[in-house]
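Heads up, there are several structures right after this.
Look at the two complexes coming up: chain A is in both, with chain B in one and chain C in the other.
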Partner chain A sequence: MDNEKLTIRQMTMWFILYQLGSAFLVLPSNLASIAKQDAWISLCVVLTVQLLMIMVYGGIAKQLHGVPFEQYLQTLLGQWLGRLFLLLFTLMYPFLILSLVLRDLADYITTLILPETPMSAIFVLMLGVVIYVVYCGVTTIGRAAEVLFFLVMGLLALGYVPLIPKMNLDNLLPVFEFGWKPVVHASFTTMAFPYIESILFLYFATHTKKPQEWRRLVIKSSLFSGSLFMCVTVIVISVLSQGVVSTVGFSSYFAVRTISFSDFFERFEIAVSVIWFIAIFFRMSLLMYVSAKGLSTVFKMKDYRSLLIPIGLIAYVIAGTVWPNTAALFTTFRIWPFYAMIFGIICPILIWIAGQIRQSVSN
Partner chain B sequence: MSGCKRIGLAFTAFILMASLLTGCWNRRELNAISVVLAMGIDWVDEQYQLTVQVSDPSQMSINRSGERSPAIIFSERAPTIFEALRKITTKASRRMYLSHMRIVIINEKIAERGLRNPLDFLFRDHEVRPDFFMAVAKGCDAKDILAFVTPMEVLPAIDLYKSLKVSESSWAPTSAVNVVDMMQKVTKDGIEPVLTGITLIGNRNKGMKIDNVKQPKAYAEYKYTGIGVLLDDRIVGWLGESDSKGYSYVSNNVRSTVGHVRCPNGRDNFVVEIYKSHAEIIPSIKDGKPHVKVKMKSDANIGEYHCSADLGDEKVFSQMQQVAREEQRTTLEHSIRHVQRKYGADIYGFGEAFHRKYPRQWNKWKKQWPEIFKNDLQVEVVITTELHKTGKILNTIHKQP
Partner chain C sequence: MDHLIILLIFLAGAFMEYRVLMKKRQVRDIVVSACFLSVGVALVLLRQLQVNLPSPMMGINVLFKPIDLFMSRLLK
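== the complex of A and B ==
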């Protein structure tokens, strides 16, 4: 297919933006509500697990031998089983995340910035752009990522560097007040979203010449986004203290709102929303691409592009009805990590084992 | 085919462009909002009385007429804050816009009942920025403070705001409390919040008239008084000037301040001007009981000198330094002991210090901390203040012998 080239640099930036995605705003609150002031340690746990999982993903990438991931499943599990698996996987994981992310974006906008705007307006605007960019192909997205990556980094610096003088490191003490348990418990959420979603990056494994290159770039992007999360979490918790962080919903946004230097350098919290918009745009375009790719393979279609509009429309409906109120959202997020682990941890391990067995049998 | 396509494209472009022309859903035109600069909350007839001070935009221009007041006050009563705020639209032609609020003044009666409920709206609403200051109206209504005419600034709210900031940075007994400080202290264990007090002095009724500023001496003035001690979210008492100062020292709130010290001869005073101060709280456990060492170091100059001893003599100078230290020690000790015995509210954050250093022990103490703070906690104050300079002259002017 035409227009499918991605450089390693573009891919890394795209993946970093993907991982920043929805987690960036809610992460400190999620972590702090369970791990309290030890939230940053949870992130270390998350990154360790992520590196272990990348070994598994890298193993699968090695097994591909140039076959795209979505087709590899059919060679591995057989025509029918492979297609059935891919169908269920696509619908229950990337496609569902796509709808949830869309809803998340709208929830944020309607809670904090434009409370009277109907959510559907936000859905339509975002979906329109995402469908268009995925229609243009991954090269376009890669180039866009290359350009916007620096804007995001610049805005992050604008938002969080001014908070550094207000940091009070006492807020991070005592370390390990309640032991390892809450630290590990808190790490589940972040692990589930966005880190183990890296299985979706396998769809891009054939864009690099060697599987090792792919593995290196996923490690790079995970470490990069992980250290950004770490900085943001440490800054936000030490500026606001864990009590406030766990009370306030979008604490990364809230923290930037408190900046005020000499009544002049202040009120640029909207920069944070811009970061979030851009990151979500890349997140959704990846999810949209992966879902369309997966479904078009299942239904043996020549081009994934014809599926974009139907997927968008279904996502629109799901996003509008997926949770009726904020309480339901919080309940969902308590269960979500375990649900996501089925697809992000168990599935890849099974696929990898199956691949190993197949290899040894054919040898 | 290509004709169809062109028409289709043109149509799409048309629709896209049209959608850009619609503007925003949530727009607030400038001429439809009133910028709220200060808010006051009173408790009247078992209801909240919400008062907002907004600026009159027509009075903000250079060629304003002197006829109309630059600030307007609206007030309304309702069982909740949000209702009261919306009810104000029955009296005002514009919708209240809260993003630029500078200060919130709360009546003492509400502070005694607990601040959690009235403040909930301010934490929850998306328009309110977490950067306003909070103060408690002591001995008068919040409404009166917002309604009176201030001499320096055209907008009373800005006057209150600036005065609070200036006073905080140069006069230790005042400590400005930001809403984020308040939120932090309410959610943390082992530290209790404080709030600044504000009151009106002079002839209140005359102070509400524009006449208040028509002569050099205003009829009524506002004044930030000492700080109020809170236990959880309720105010339990007030600290005097010296005790407030002690609090500011311990909580590292002092940027610069002055204070008098008795001369070693016991008759006159001299003034130390502190320009740098840092206090450290060192917790320890002695015989199973909490013990806190407050180590304070400040750098100061002599700012005024009424004593007779010769400052050029190094022995005299170090004697001055010694009495200055003693004075500070007494201030801190008195402040801490007073708060311990009278209120049992750990506003200094000693419990927090234990929490950081002895998390296990702290979790045992946490529940009874107010009692432990009140009865068992031993506090030791160590001062290492240094005097450095004497200003433009050395000794007071006198006849050379």
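== the complex of A and C ==
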């Protein structure tokens, strides 16, 4: 099975769904707990930094010259150092995020929807589906992204457009009440979750004919998901006030729960759950594909498919042990951006500099 | 008990995968995949015996807490 071709449209939609994934549900509460009502301004800061980082990723993509990213690391750093770097990078970044995302989803379901289901059941079901779709190949995931993208957009509209009449823009005032420092502080979490993970899009840089096309589609997907986040955050904060949003755990879910037309049309929050399921599915499939591809390149395997079940099994165990309760989750969540910045900001800059040095040496 | 059932499901999938790989005689794939699978099986058995496995996030928390404190103080 050699389904390894993705079209630009499929990639854009997959990346948008990937970035919509984990952040969508926890984003408003996360931003508002630090920046209060200026949460949407944090998103502008995040998008600016993201566009700067895409310049760096685009630079690396241009240096690739058609070589897949994993093999490029070997030509850059030498065989053994490149494979060691790739091994550590894959184990410490995409693989860990896979377990975290899985655990996040299971936390959400066992808190809000199915409280009596053990987490292992949710882990197995989600891992089973993701393993199957990555086994089928990247083309399948691209086609699924194309189809499900419109469903997700439709459900987003269904969930959030009814909230617009209830918006109270006074909840967004006063702007910059505490100055610019909380705005910048709040932007760290959103940077890490999901925008810095765009370095993983470099694994797909060879699916496009030119690196400029890849850069353009990453910019398009980041701007699209960023504007979606901004709309959702503005709507959620203006409907509930900033006090509610900064305290409630899953505030996008909670805001949609308040929709009720004449006591008859209610329960719109299931739309939000479905959106989140689909987005998490695409997130996990990208992470699992990247982990399997990276590990198979490290060990010089012919095919990454045989690694999927072991990776799934280890992710299942790690997801069970990652944090014992919600309080530990909050601590982890505050510290995670700094760990992610090593892989998402420092590593790409180092790789780009190394590539530039190598190019100028060979010229 | 529930972990063992899940382990059986994963092992069934792995068994079908290995049959395909044996037919194609890809020895390297089998060896690497078997190593990872044994790590996974060992971890699941440890979970079943209710051994407290250390979480990677605890290590990360300990290592990066000073940076977080520094940043919070900087951006108070």
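As a convention for this text, the second predicted complex is superposed on the first by the 362 of 363 C-alpha atoms of A that agree within 3 Å, B and C clash if a C-alpha of one lies under 4 Å from a C-alpha of the other, contacts with A are read in each partner's own complex, and residues count from 1 in each chain.
Following the convention adopted for this analysis, a residue touches a chain if its C-beta (ideal position, glycine included) is under 8 Å from a C-beta of that chain, and two chains touch if they have at least 3 such contacts.
Values in this document were obtained by computation on a predicted structure and should not be read as measured data.
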{"item": "Fit-or-clash call for chain B and chain C when the two complexes are aligned on chain A", "value": "fit"}
{"item": "Which superposed partner A:V184 touches (first chain B, second chain C, both, neither)", "value": "second"}
{"item": "More chain A residues in contact - chain B or chain C", "value": "C"}
{"item": "Inter-centroid angle chain B-chain A-chain C after superposition on A [Cα, multiple of 10°]", "value": "110"}
{"item": "Which superposed partner A:L96 touches (first chain B, second chain C, both, neither)", "value": "second"}
{"item": "Which superposed partner A:Y339 touches (first chain B, second chain C, both, neither)", "value": "second"}
{"item": "Which of chain B and chain C A:L114 touches, first, second, both or neither", "value": "first"}
{"item": "First (chain B), second (chain C), both or neither touched by A:V56", "value": "neither"}
{"item": "First (chain B), second (chain C), both or neither touched by A:S260", "value": "first"}
{"item": "Contacts of A:L307 with chain B and chain C, given as first, second, both or neither", "value": "second"}
{"item": "Three-chain overlay, closest Cα atoms of chain B and chain C, distance in Å", "value": "8"}
{"item": "Common ground on chain A, meaning residues reached by chain C in one complex and by chain B in the other", "value": "118"}
{"item": "Residues of chain A defined as touching chain B within the complex", "value": "111-118, 121, 170, 173-174, 177, 240-241, 243-244, 247-248, 254, 257-258, 260, 266-267"}
{"item": "Of chain C, residues touching chain A in the complex", "value": "2-3, 6-7, 9-10, 13-14, 17, 21, 26, 28-30, 32-33, 36-37, 39-41, 43-44, 47, 53-57, 60-61, 63-65, 67-68, 71-72, 75-76"}
{"item": "Chain A contact footprint on chain B (complex, rising order)", "value": "24-26, 123, 126, 129-131, 180, 183-184, 186-188, 352, 355-357, 359, 363"}
{"item": "Of chain A, residues touching chain C in the complex", "value": "96, 100, 118, 120, 123-124, 128, 131, 181-182, 184-185, 188, 295-296, 299-303, 305-307, 309-314, 316-318, 320-324, 328, 331-332, 334-336, 338-339"}
